[in-house]
Amino acid sequence: MHFASDNSGPANPEILAALSAANTGYAMGYGADEEMAKVTSRIREIFEAPQAAVYLVATGTAANVLALSTLSQPWQTLFCTRQAHINVDECNGPEFYTGGAKLTLVSDADKMTPADLRQALEGEENRGVHGPQRGPVSITQVTEFGTVYTLDELRALCDVSKSYGLPVHLDGARFTNALVSLGCTPAEMTWKAGVDVVSFGGTKNGCMGVEAVIFFDPAKAQEFEYRRKRGAHLFSKHRYLSAQMLAYLTDDLWLRNASAANAKAARLAAGLRDAGAHFSHDPQANMIFAALPRATHQRLFDAGAVYHLWDGTLDGAAEEAVTARFVCDWSVGDDQIDAFLALL
Amino acid sequence: MHFASDNSGPANPEILAALSAANTGYAMGYGADEEMAKVTSRIREIFEAPQAAVYLVATGTAANVLALSTLSQPWQTLFCTRQAHINVDECNGPEFYTGGAKLTLVSDADKMTPADLRQALEGEENRGVHGPQRGPVSITQVTEFGTVYTLDELRALCDVSKSYGLPVHLDGARFTNALVSLGCTPAEMTWKAGVDVVSFGGTKNGCMGVEAVIFFDPAKAQEFEYRRKRGAHLFSKHRYLSAQMLAYLTDDLWLRNASAANAKAARLAAGLRDAGAHFSHDPQANMIFAALPRATHQRLFDAGAVYHLWDGTLDGAAEEAVTARFVCDWSVGDDQIDAFLALL
Amino acid sequence: MHFASDNSGPANPEILAALSAANTGYAMGYGADEEMAKVTSRIREIFEAPQAAVYLVATGTAANVLALSTLSQPWQTLFCTRQAHINVDECNGPEFYTGGAKLTLVSDADKMTPADLRQALEGEENRGVHGPQRGPVSITQVTEFGTVYTLDELRALCDVSKSYGLPVHLDGARFTNALVSLGCTPAEMTWKAGVDVVSFGGTKNGCMGVEAVIFFDPAKAQEFEYRRKRGAHLFSKHRYLSAQMLAYLTDDLWLRNASAANAKAARLAAGLRDAGAHFSHDPQANMIFAALPRATHQRLFDAGAVYHLWDGTLDGAAEEAVTARFVCDWSVGDDQIDAFLALL
Amino acid sequence: MHFASDNSGPANPEILAALSAANTGYAMGYGADEEMAKVTSRIREIFEAPQAAVYLVATGTAANVLALSTLSQPWQTLFCTRQAHINVDECNGPEFYTGGAKLTLVSDADKMTPADLRQALEGEENRGVHGPQRGPVSITQVTEFGTVYTLDELRALCDVSKSYGLPVHLDGARFTNALVSLGCTPAEMTWKAGVDVVSFGGTKNGCMGVEAVIFFDPAKAQEFEYRRKRGAHLFSKHRYLSAQMLAYLTDDLWLRNASAANAKAARLAAGLRDAGAHFSHDPQANMIFAALPRATHQRLFDAGAVYHLWDGTLDGAAEEAVTARFVCDWSVGDDQIDAFLALL
């Protein structure tokens, strides 16, 4: 009954098998391994983007901060939601990597709307050299609240960004969970909608630790390489990143993992709904934000369930509802869900 | 016959076995995994340093730049040799992470001497606020030229540093190769000599990608944690770093790997010496810098040998000697050395 | 009829006279001039702070970014209002100088309240190393909307800050305008209320270009000096900064200038009120935010009045009110105010 | 008998007169003052560069670090001599403003030669992403040792730089002293030789505190403006910078000041030579590096002469020669030189 995070479960055994398979003989370091060439080909194929530049790093934060610093200038401000990982969970990594850019918080909600974005962009009105200049827009898909932007919503946000001449970054730490939720193609969810650069997550979806950064226009690729190296994110034994990503994209493992996680989350959500839980956001991928009475949380924790309370603690009136976050990864078993729902 | 680098061979199978063993059930992320507690204990034990703060990162550059930025201020200059990895192989990573500190190059040789260091320190004389202030001294052990500082040499350098009140960092990307070469204890090669912080390498010595940063005085440990996080070097699925390091330090794998690499390099060096090669530096660990005629290099390359020419190319007089770098890792087989020496 | 800014009028002739007087013979550079010793003494006397460390720079932004970077760490977030100069008018200077710290916007109003501040501080809850850590609180006095924090308000904000262990910075670009408005002592408006560091403005109050940074606790003074030098803000011919500040603090020039500016603004405000203008904020120093019909603005501009529309343009319904900002500096003549009010 | 520095004498009275003249009425701030338009025109005229972008700052360090950061990327290394002001006298300001670029020290001598530069550039050979990339070349004219590059020398250095595709920056803190020494035009000493950006000094040549940064190709001018603002170097009351620079360029004041300083230095040098002083560098502008016996220094200091010992102290054998630096500014009187030489 572990629903704390999609980074706390094990990696898919196919990932580890690929590591073992790659662990033979000599390989060129620093991204010149043969597996990396295959990763690039495979990602270009999947994204229908034959010119895309593709890079691997080991953490989602690295993918985000390196992508954003390549897209921006230190005197700009980046646009994201208040709850965006780049705002609340990277300890000022974006400010560090960009050399001191700012983040403008577009919305407190799970999703920014085109109207929110336009208002925030207008708020950074032309103050000449006095204020920060407008920089890239970063959209998180799956959102930090477990919802998924529709293709129309993505397109509309990209349209607003483009009307200001601004590049769009997609924080896709849970990219595949969104993809299978929407049932669209990677191209539709990215460059066809207007996205310029993607942080394409593997870690939260069954890998050990690997993320791809994909530039659909390779013009700034060389700059990214310098930034990755001086950020200390270029692996000497790079084949082990490549092997993970290649296995992830082989035999639909990425899709199988995300589909499993989403399906389990859907079962869990249905059970919670039946138990009377209130959902602050509609669970559309593998995360659920559901409110239950404190007494219920206490009982579940006592029985060994693991998950995070989101907007409160166990201190307070027993009957008062407190929202919790439940996350399913690829590995959660039906038995665990059954056990949890039985308890509930 | 692959002697290009100690990052091009495979990881030791014991490392991969440990990854598989760790790949079960749920684990807390971000360094709160149970394996990490064991890593800390084991490193404290090995280093006879019960108070040491221990952190894991995935690249040697990350270990160096995070350690050095924690030890320094942006208005300081760091002292190292010209060939130090932090100077020539990190694409200004130290300058980036420190917020703009400088490197003062103490010596062009493999090792800095106490006299070199003192001269460089005096060269950064007191210019009030105008010049950079003196910052940490960084020593590379094994040196970039395959030699090893003796304990006396290390102590003397640390003594100079301490006489200026400066902390000492040891870049130990090849820490264990030096250790088995000297036949001393980790404590003797570090804090007993006066070293304050160590980049303790695993990657070049048979791991997939893991390095420990060890602070003997934990006073700045909290700062290191913020720096690691905002540098995007804190792994969510941290257990896979821990598992590597734990396996590395179990059953003497670290010592076995380094001993094997050094022994193979000694055999290779002996054969090169017999073949008349000139050594620009005495090979004391697992790296050899040996000069051979161009014609010989050409013949070896044609036969499939892989290594780097260090100070020239194949263009030129056939009989002219060109220095090459040969590196042995833990995995190189006697058969490969035999084949190479037979060719030679 | 020029009310655009308190940086567009001339410097007080006493300032220029002091420059000329200082322009004789040789003087030590870089802050070692004799005038600077007098400046330090005078500021310590005025602030009843015999231990204070005092530094001069030439711009208000320099004072702010150097002060704040000395008080903070790159992984922290600073607390200020949305309209604070450090947020909207320094082109990410604070982010640059701090090495990538963040600003948390406490309030959209002119003043932050203790409740606002506490809520913002709680909003940066303990996320371990993931989120930014809490850093200094920066309060602007006179506020960007022309209001003045009472001593009680200042003390309450400082108390909240101190209860979180955070230092307090006062952006006093218009320090003296606030001081004469409150009728209190400099000590009461700063360290007695709990302020740790002040940007003490001269430029907007009749100087050519000089600001003092005052640290009541000199512990971090040496760090400030390094930061000022590497920020390129240490003047070689420093005597010309000193001479300005010394003249400013001689014969009550600072108080006379601010009193004049505030008095003229009060006359202007009274006239605007009589003419039916609506005040979005109570004008308590030398700035007025007053709404007039577009047609009135048009008429005033046509007659040669100079000031900034604040929240709109001349495009729109003629009878609709648009807020404008009027600023009086020390030099504005009664004749100008008379002429403007006659027009109105 | 004050020869300590060309920043310790008074400003030329014409500069102060210009400040007073400018101190009337209202002026637009932040560089939009009318005087600035005249400054730009005048500099374009003097430099025969009708497209040049021109900016003013108050310190020479600001001019250098803003110019260099605009020309470079954080992953590059800049080329200069060891004694360059940007290396030894800016407290890592260039590293700070560039976001962590490095300086490669081309030569320990007063001037770099084309061979030195080429060797240094080759030393930063292509290491892919591992090492820093080659960035701008910065040449100091007058050199830090009082010598002056000939036009042929400048052209040769620029030719080498251009052959690597690198921009050239001229640190002209003593630009005019070099100009009158060479008897050439500003265009000849800059863009006609291949210089791209100049720090055009005023402060050391009789101004209070003003330097121009001149971009002959205005393509990066907008970026410079953002960097100046966030560096806190954009003056609100900008007219006082403009007025200084305009007066400096009016009635040949810049040339008169530099000619006077050079002439006085020539007289001083002749007297020193007659007294048997040894010159470590040929004094070609307004700085002299001359060795005298310790006993002589002691005698001169005792008699009130002010100058800096350069490579030693008064402690040691009385008859041993110690090199001292003597600098003449525009204001030094013949009576002072007479008095000094009489003493000598």
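The chains carry the letters A, B, C and D, assigned in the order they are written, with residues numbered from 1 in each.
Criterion: contacts are C-beta pairs under 8 Å (C-beta built on N, C-alpha and C of every residue); 3 or more make two chains touch, one makes a residue touch a chain.
In this text, all values refer to a predicted model and were calculated from it rather than measured experimentally.
Within the contact network of the assembly, the step distance from subunit B to subunit D comes to 1.
When subunit B is fitted to subunit C on its Cα atoms, the angle of the rotation, on a 0 to 180 scale and to the nearest 5, is 180 degrees.
Summarising the inter-chain layout, the chain whose CA centre lies farthest from the centre of subunit A is D. Centre-to-centre spacing of subunit A and subunit D amounts to 51 Å, using the average Cα coordinate of each chain.
Computed centre separation for the pair subunit A/subunit C is 42 angstrom, with centres defined by C-alpha atoms. Subunit A and subunit B have Cα centroids lying 34 Å from one another.
Shared contact sites, meaning residues of subunit B that touch two or more other chains, fall at 74-75, 90-92, 96-97, 99-100, 129-130, 226, 229-230, 234.
Considering their complex, residues 30, 73-75, 99-100, 128-130, 133, 223, 225-230, 234 of subunit D touch subunit A.
Taken together, the subunit D residues at the contact with subunit B in this complex read 74-77, 88-92, 95-103, 127, 129-132. Across the complex, subunit B is touched by residues 2, 4-5, 7-11, 13, 16, 19-20, 23-29, 57-62, 64-66, 90-93, 96-97, 203-204, 208-209, 226, 229-237, 240, 306 of subunit A.
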